[in-house]
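Same chain, two partners: subunit A is paired with subunit B first, then with subunit C.
And then the complex of A and B:
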């Protein structure tokens, strides 16, 4: 546990000290503020807080699809390229601890995205609004779950290659596919559409923004996160099979 | 401390190690010698638990490198050849991170830091960013990292590669100071360096152990005799001691007979005397024996 904490803190600090992280976050925050001011607020009639919450959650979920793969692309790929992975793996550290620490460090930074939702609602309160905090909490939880899945997927993409740009590209494709595939399947393929829609993360975020907390959705998000982290660990272990 | 039996490693069709076996006793400083591509780094990576062998087994301190790799990794301090470090960290911050990772108790971390910083002469660079350090300074940080948890076995892959001559001497004397308390296995292809720092040598060639012996045995073994002669005019005009023709003989008698023949033929005898065998002689002889003749 101590080693995991040491590794996770090191990972989080590496993200926080990297200028690229703040460039990405700055762009994401600017985009969100712009969408909010020019699209969400006018459409809500400057008063429908439920609409603001729903749209805010969806915008943050969509931004996470772009932000998180670019954040996670260097996690393992860069360690492989620079050789520091050899230093980590020859210390008394297990492979799954490295993967979990990479995940926790990136997830800690990704929190600066999904924690924006309660922050936006606080701004609404300061402007005289009175949001229902139940849906705010459930939507924040759903965004955190989505961030968890996307972070694990990004770490997996990073574990598959030495090249962090390739890892970023792969992470973007996988994240986009995971989030949008349920919505891109033609309507005549009903069975496939039904199967995929049960794992539609955007749908889950929308439901949560209406105050619905479905434990099946939470279980799905945790399972997917653990599954992708398991695959990332196996990918790291692949050096032993060569 | 180290016991290696029939170790093999294949990368696809390429065989990097082919039935390697050797033993390293506790407290010895052992040079692991070989040309580039001989299998040195692969062996060290297996011993440091970075990768498993394809066949055979290796134990360190009685622990199997595959089945008890956690125990092995606690016993060893490993420094890879390229010394990969986190450039965005400061020296002291990096060493503290590595100490915690290697399980140094919280109340002992500061003392361990001071010890390795002093041992590796990093006092002036303790607050420097690693990316701003020179190659030699990075090498010393890598060595400090390998030493931070006071390991019983140090595995150093080319510890002096890329260093200035004075830095090499520093690293050599540090390694010599570690002998006794620690067992050291260091790979190098710089033979005089191994001769100066090591008590034993293992020579690997094309994935097989070609020789395993002590330095004392190599240099204290049977002597050869050298005879240097030159034409009279050439020797007088140049006066250079390295001039003339040098021949080596297995016995004093053969050398003196050759010298007498040369002198009676009108040549000048510049030098005659015993010559110590060097590690280079051993290396060249075992490697040459295994080079197929065309």
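And then the complex of A and C:
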């Protein structure tokens, strides 16, 4: 556990000490706050906080599709390209610990983005509003879950190739497909639509932003995260025999 | 043994590859299995938690119990759009509905209703695999709406703005208007200078309660048998529009309507209530005896009369001390300018409000009665008899006597003999204890058959006729009232001043935070360069 923690903190520091991470965060914060300020607030009727929370959560969830693959593209691919991966693999750590540490490091940075939502609600309190903290908590939990799935998917994409750009592109495609596929299926294909809609992450965020915590959704997010991390570990292992 | 890159044999590499593939497939299968298991568990135990302060999405325990106990699937269909009732409010000079007003003023109200209905149905669909629903926007998905209405064997117009719950061959309908409390629908008259009234959203909603009660009665298979007397050339003879609307309205509430001919139907006790809708023919002696026998055994009747035709309800009404007077009521104070004259009664001020039938409608919605007789309530001094006036005309009302031809049952008004009759009673609820108090007979008596007028029954936001009829039937059959008097608690809408909130969001969110991030990026870049 100690080893994992050390590796995770090292990964997180590596992200924080990269100027690119801050540029990405700055752009994401700016985009989200600008959308919130000029699109969500004017459309909130007489200032319905619930609507603001709901829309804010959806904007963050959508931006995560772009933000997280760009954040995770370098996690393993960079190590592979620079040749440090072999060194890491020969160190006394297990493959799954490496993958988990990479995941936790990136997830810690992604958290800086989705924590913007409770921060915006704090600003609402400062402005005399009285948000219902239950939906704020459930929306934050859902955004964390979505970020977990997308980060794991990004780490997997990064583990599949040594090219950062390719990893980023692959992560983007996979994230986009994972988030939007349930909504792109034609309504005629009812069975497929029903199956996919049970894993519709955007819908899960929408539900949570209303104040509902559904343990089946939480289980879906956690199991998908673990599955993608498992795939990433297998992919890392495959280097031993390729 | 041939070694290749990495010093591994081809066989070892193939084995390792197979191992990875197998492990991945197994992991995927385990994950899918786990998720399916979670979904199954969700059908039997609560895995959804409502974190809102008001418990907005919490499904009531009794609803959860009911939904989990569904053995036959229930499907709810909600088609929403601009129904005839709404379109009537925005007619232009040519009599066509104005789409700009519809979309600007009524669409938001309907969207709000849709959102609330969807919220409840969606939560319910998570509780039970036997509960499914479809919500269709009648304006943007007309073909889908038509197909859904056809499947429900109704016209798209009839299906609009009501949640239709179907379980096997049974169905219940809950109009959205019943879920709204104190909704002001407004109107936009076409003539110049007319005062427009924008719709004002309801003061409260009772979506879950109304739908819950509908599913409950649907699932218990509870069917209240209602007999509609036929063969007397009455207003609601089978085949007439009034009969069709009456049957449809009652069947949507879970009643089973049957036409009955008094001379031929032997057992009246099979019917929970009997409707006699203003017969144009007098009841013969045998039929009257039949009705009296049922009344004396706890029978429940809705009796409607008309001043143009004679009736002989006297035998039925005698024990209650009620008499239908042979007069036609005129009321110039409450007269509607759109109606033909003071005898065609329509007003929002008829309801007395002392009985659960009319109390929810008092000063809320107009009632159309058309031509009406008055009801005289005499003091009978009998134990267990209760008389409650439901509807009254104004203090300035006048009564015009009518002369009845007893043989033909036709009446002739005598305008020359009109006289002032302050606040005549137009409808009354009567009850009396029978069998030593073990049973109760009830009669709701209307001096008018206009209550069942098809147009007024259909336009349920313009007129309270439908709610009034349903409340009468609810009282007669001991069922929950369609338009309840009790207000329900409403979730609080949390607001923040947009103007004061925008400032910190703009300064901190749009400017400070991104600037901080960019400054950190620069600092990190310089620090890395100098290392």
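Everything below uses one rule, namely that the second predicted complex is superposed on the first by the 241 of 242 C-alpha atoms of A that agree within 3 Å, B and C clash if a C-alpha of one lies under 4 Å from a C-alpha of the other, contacts with A are read in each partner's own complex, and residues count from 1 in each chain.
Everything below uses one rule, namely that contacts are C-beta pairs under 8 Å (C-beta built on N, C-alpha and C of every residue); 3 or more make two chains touch, one makes a residue touch a chain.
Computed from a predicted structure; not experimentally measured.
Novice: Looking at A:89 after the superposition, I want to know if it touches subunit B, subunit C, both of them or none. Which is it: first, second, both, neither?
Specialist: After superposition on chain A, A:89 lies in contact with subunit B alone.
Novice: Where does A:6 make contact in the superposed view: on subunit B (first), on subunit C (second), on both, or on neither?
Specialist: A:6 sits against subunit B, while subunit C stays out of touch.
Novice: Of the two partner chains, subunit B (first) and subunit C (second), which one does A:169 touch, if any: first, second, both, or neither?
Specialist: A:169 contacts neither subunit B nor subunit C.
Novice: Looking at the overlay, does A:17 come into contact with subunit B only (first), subunit C only (second), both, or neither?
Specialist: A:17 contacts both subunit B and subunit C.
Novice: Using the touch criterion from the header, give the chain among subunit B and subunit C with more contacted residues in subunit A.
Specialist: Ranking subunit B and subunit C by residues of subunit A touched puts C first.
Novice: Applying the touch criterion given at the start, work out whether A:180 contacts subunit B, subunit C, both or neither, answering first, second, both or neither.
Specialist: neither
Novice: With the touch criterion stated at the top, can you tell me which subunit A residues are shared between the subunit B interface and the subunit C interface?
Specialist: Dual-contact residues (subunit A): 17-18, 240, 242.
Novice: In the complex formed with subunit C, which residues of subunit A make contact?
Specialist: On the subunit A side, the touching residues are 16-23, 25-27, 29-30, 32-34, 36-37, 41-42, 44, 46-50, 52, 116, 120, 123-124, 126-132, 134-135, 137-138, 198, 210-216, 219-220, 223-224, 226-227, 230-231, 234, 237-238, 240-242.
Novice: What does subunit A use to touch subunit B in their complex?
Specialist: Counting only subunit A, the residues touching subunit B are 2-3, 6-7, 10, 14, 17-18, 82-84, 86-94, 239-240, 242.
Novice: For a test of understanding, state which residues of subunit C touch subunit A in their complex under the given definition.
Specialist: 6, 8, 12-13, 16-17, 20, 23-24, 27-28, 31, 34-35, 38-39, 42, 47-54, 56-57, 119, 126, 493-498, 500-506, 508-510, 513-518, 520-522, 524-525, 527-528
Novice: Touching subunit A in the complex: which residues of subunit B?
Specialist: Interface residues on the subunit B side: 11, 45, 48-52, 70, 73-74, 76, 78, 80, 82, 84-86, 88, 97-98, 100-103, 145.
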